[in-house]
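Next, two complexes with subunit A in common: one pairs it with subunit B, the other with subunit C.
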Partner chain A sequence: MLEVRSLSIHFHRYARGLRRTVLTPVVDLDLKVSAGEVVAVVGSSGSGKSLLAHAVLGILPSNAHIEGEIWYKGQLLTPERQAAMRGRRIALIPQSVSFLDPLMRVGAQVLRAAQLSGKNRHSAAAQRAIFQRYQLPLEVERWYPFQLSGGMARRTLVSMAVVGEAELILADEPTPGLHPEVVQETLNHLRQLADEQRGVVLITHDIQAALQVADQIAVFYAGTTVEIAPVTAFSGKGEGLLHPYTQALWRSLPQNEFIPLPGMQPSPQDLPQGCLFAPRCPLATAECTAERPTMRAIAQNQVRCIHAQG
Partner chain B sequence: MNILRYLIKKLLRLILLLFTISVLSFTLVSLSPIDPVQAYVGAEMMRIGPEQRQRIAERWGLNDPPVVRYMRWLSSLMRGDLGTSAIYNQPVSQVIRQRFFTSLGLMGTAWVLSGVLGFLLGVLSGARAGSWVDQIIRFYAYLLASTPAFWLALLLLIVFAVFLKWAPVCCATPPGVLPEQVTFAQRLHHLVLPALTLSIIGIANITLHTRQKLITILNSDYILFARAQGENLFGLIWHHGLRNIALPAITLQFASISELFGGSVLAEQVFAYPGLGQATVQAGLRSDVPLLLGIVLFSTLFVFTGNALADILYHLIDPRIRLGVES
Partner chain C sequence: MLKAERVSFRYSPNRPWILQGFSLSITPGERVGLYGPSGCGKTTFGRVLAGYLQPIGGKVELDGKPLPPKGYCPVQMIFQHPELAINPRWTIGKALYEAYQPPPSLLEALSLDLHWFERFPHELSNGELQRIAVARVLDPRTRYLIADEMTTMLDANTQAQLWQVLLDVAAQRQLGMLVISHDRPLLERVCTRIVDWAMEAQTT
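For the complex of A and B:
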């Protein structure tokens, strides 16, 4: 359904003295999402994951430059196609209530989302129906966003994404700092959407959340996906994981060995030569820094490491 | 309950403000080197003797110490009497009323015009930030923000009244016509230039403010989400932008009443427009203490009301304040 092929995003910024700096928060990213599937993109905060969603929707800021290709249902996405699909075919579930207009009633905002999704004639009915589906009481229609509880805000944001007939849902960090029950509920909603044959991309830093609902997990490091593995590979001692970073990430979890990985992610302003993980990789060799590894299919996984073996 | 407490607080503050301002202006006028009798009598000064002069001063109570004069003025104010204007030979309240209505047309027109135009220009400029349209609007706004009102008034007067003769050179009505016979069109004709001056000056502030606010909003999370829903630039501004910039713009426009008042003093002087501003200048130049104090009190009240309205409006319109942020 969605296929992202070696997507890079650069930002040009003019620093003092007209010196131009280039930030590259997304590097050669690959991702594939099929209908009926939740793909979690997991990476630490500030690793440019949100930009992936914005790039798919075509709503990056104007100083961003994109390389690579994004395919949707066999069509190469151009800016024009993206404009036609935003809100209709591809929808975003944002992070928090701050993504709602603070001065517009909640009902009106959901209604507007319905209108934009192409349900012009039936938008009012669609809005009512979606309120019912997500158990939002009718009076919430007349509320303002600041009046919503955490759970209601979540359900409102989800309902705005699916009030139309979007087939691809991009959920950008939908569970930050929420009550465990609300987190669970939100994850269940995402699972349901996938079970209705939609494609769901769950962008998160919370690997636990990802493990609960995802079919595939794409591990994000320094702006690229280093490994895409089925959720079943994340078990035991991580024998099913093939990339050194993924293995290290798995071992660092509290319920596993809880061994943190030393070092830091490289800055998007000055990325290392060759493999982005090389400066921290215990298996790095001279070949690793020669050029950027490409994604290779090994067993059920996709791995960006020249030394990985099944 | 809350509203009541708020109003009482405002009222107390107003009374304190009026008192302070009246003491301050009284002190300033007492220190003024202009002799009110001489200013009143003018060129005839040579013809009146010292006794006559003394009599006038006595009748006006000018010989008493300032504190006594102030107390006398204050006690008659308590009875609702603002005193009599020396230069117009009318009760101060009457002068202010007449003059204020003349000024009100002028200020009101300028207020609405500058508000609407300034807002529209600000939206246009903010929506296309960085484009040539934006550059032009901003250049214009900065230019105006640094233009003195009287200078602009003179410029307009020279171009439109003296050279082009499209507008009258002075006054609110044609000279030599009885007030009852002045037509509405004539009044409007006389209003155009002074109102234009004030509007042009008033536009800059609201334009720049609206532009900045719109740019901030267009970079907000909720605009990003609206774009993700497929909203285009027009939709973004129509559905989310206007709603969010209108409130600060209205507040600013109410708060700008004081500047409008200040501007009208200068504009009325240049156009010899017989409004409150012109009366203020006259009262100051000729040391007409009761009139000056009356105008000062009145304009304080006027400006204060403007600011209070802005404040109250904010509370009534913004749902976050109106409904109270509970949790």
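For the complex of A and C:
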């Protein structure tokens, strides 16, 4: 359904004294999502994961420079196609409830989303149906966003994304600091959407949340996907994980060994040569810094490491 | 010992009680986990214990005396959102050195990058800011720490890094800690005992 090939995003900016700096928050990223599947993109917060969703939707700021290709159902996405699909075929569940218009009644906002998605004639019915589906009481139609509880606000955002016939749902950190019940509910909604044969991309810093609903987990490090593995590989001592960073991430969970890997991710302004993980990798050799490793298929995983073995 | 004795709190007389007669004490070197869903008063309790909020009923005492009304408070708090706890108009260096000079070994353990020091908070990620917040509260005058969902927004590796540093310093200095979280495996990993908020709040 969705295939992202070697996506890189650069930003040019002028720092103090007209010194020009280039930021590269996304580097050679690859990702594939099929209908019926939840693919979680897991990485630390503020690391540029959201830019992936923005790139697919075609809503990056104008100073962003993009390389690589994004394919949707066998078609290369161009800015025109993206504009035509945004909100119709491809929808975003945003991170923040600040996405809601504070001055517009909730029902009207969902209705507008339905109209934008092309359901002109049946939009009122679609809005009612989606309220029912997500257990938003009828009176909520007349409320303003500030009157919603945290859980209702999340359900409103999900409603707006799926009130049309979007086939691909991009959920950008949909569970930031919420009550555990609301987190659970939001994750369940994503699972149901995939079970209805939509494709779902869950972008999150929370690997535990990802493990609960995803089919595949793409591990995001320093702007790229270092490994894409089936969720079942994240078990035991992580024997099914093939990239050294993924293994370290798994070990660092409190229910596992809670041993962190020292150091920090490189800054997008100052990326290392060759493998982006090399400065922290216990297995790095001279070859690792020669060029950027490409994704290789090993067993059921996709791994960006020249020394990985199945 | 840091002790909350039957503390109660609400924001005004016509608002519901958020805390009612809750008691808890923490001894030096003890790390108490406070477990339960968010939005149920745990954060309010943390703020009362740190002296940010005055309880309406009951009292908070540090070694048998009220918390000092001015000067450095030996009970410090770390929040879920470091961007709200650091003055946005100060450089990172100023925010960090405001109170004391953290030793180089601490800066290194937290992987703090010296380049950050001339930047402003909005130029750093949450993970980077939270490292600064941890360095700040490890002032040698701190004796009790309240960590309120401190690593909820961070990735697992950064979470483990920050906790490793905190646990080391807490053991060296016999700091007492209250760890507020909805993450049970995390509490089991870092705490010496766990209090289940829902059960305690009902029985008191």
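The working rule: the second predicted complex is superposed on the first by the 310 of 310 C-alpha atoms of A that agree within 3 Å, B and C clash if a C-alpha of one lies under 4 Å from a C-alpha of the other, contacts with A are read in each partner's own complex, and residues count from 1 in each chain.
Everything below uses one rule, namely that a residue touches a chain if its C-beta (ideal position, glycine included) is under 8 Å from a C-beta of that chain, and two chains touch if they have at least 3 such contacts.
If you're wondering where the values come from, they're calculated on a predicted model, not measured in any experiment.
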Next on the checklist: Following the superposition defined at the top, how do subunit B and subunit C come out on subunit A, clash or fit?
Outcome noted: fit
Item to check | Touched partner set for A:253, first subunit B, second subunit C, both or neither | outcome: second
Checklist entry - Of the partners subunit B and subunit C, which touch A:117 in the superposed model: first, second, both, neither? => result first
Next on the checklist: With both complexes superposed on chain A, which partner does A:275 reach: first (subunit B), second (subunit C), both or neither?
Outcome noted: neither
Next on the checklist: Just checking: does A:99 make contact with subunit B only, subunit C only, both, or neither of them? Give me first, second, both or neither.
Outcome noted: first
Checklist entry - In the superposed arrangement, does A:27 touch subunit B (first), subunit C (second), both or neither? => result neither
Item to check | Partner chain(s) touched by A:180 [first = subunit B, second = subunit C, both, neither] | outcome: second
Checklist entry - So after the superposition, what angle do subunit B and subunit C open up at subunit A's Cα centre, nearest 10 degrees? => result 70
Checklist entry - Rounded to the nearest angstrom, what is the minimum C-alpha distance from subunit B to subunit C in the superposition? => result 10
Item to check | subunit B-facing residues of subunit A, complex | outcome: 54, 57, 59, 83, 86-88, 91-92, 94-96, 98-104, 112-113, 116-117, 144, 146-147, 160
Checklist outcome for this item: The residues of subunit A that touch subunit C in their complex are 42-47, 150, 176-181, 205, 207-208, 248-249, 252-255, 258-264
Item to check | Sites on subunit C touched by subunit A in the complex | outcome: 37-39, 80-81, 111, 113, 125-128, 149, 152-161, 163-164, 182-183, 185-186, 188-190
Item to check | For the subunit B and subunit A complex, residues of the former touching the latter | outcome: 220-222, 224-232, 235, 239-240, 243-244, 247, 318-320, 323, 325-326
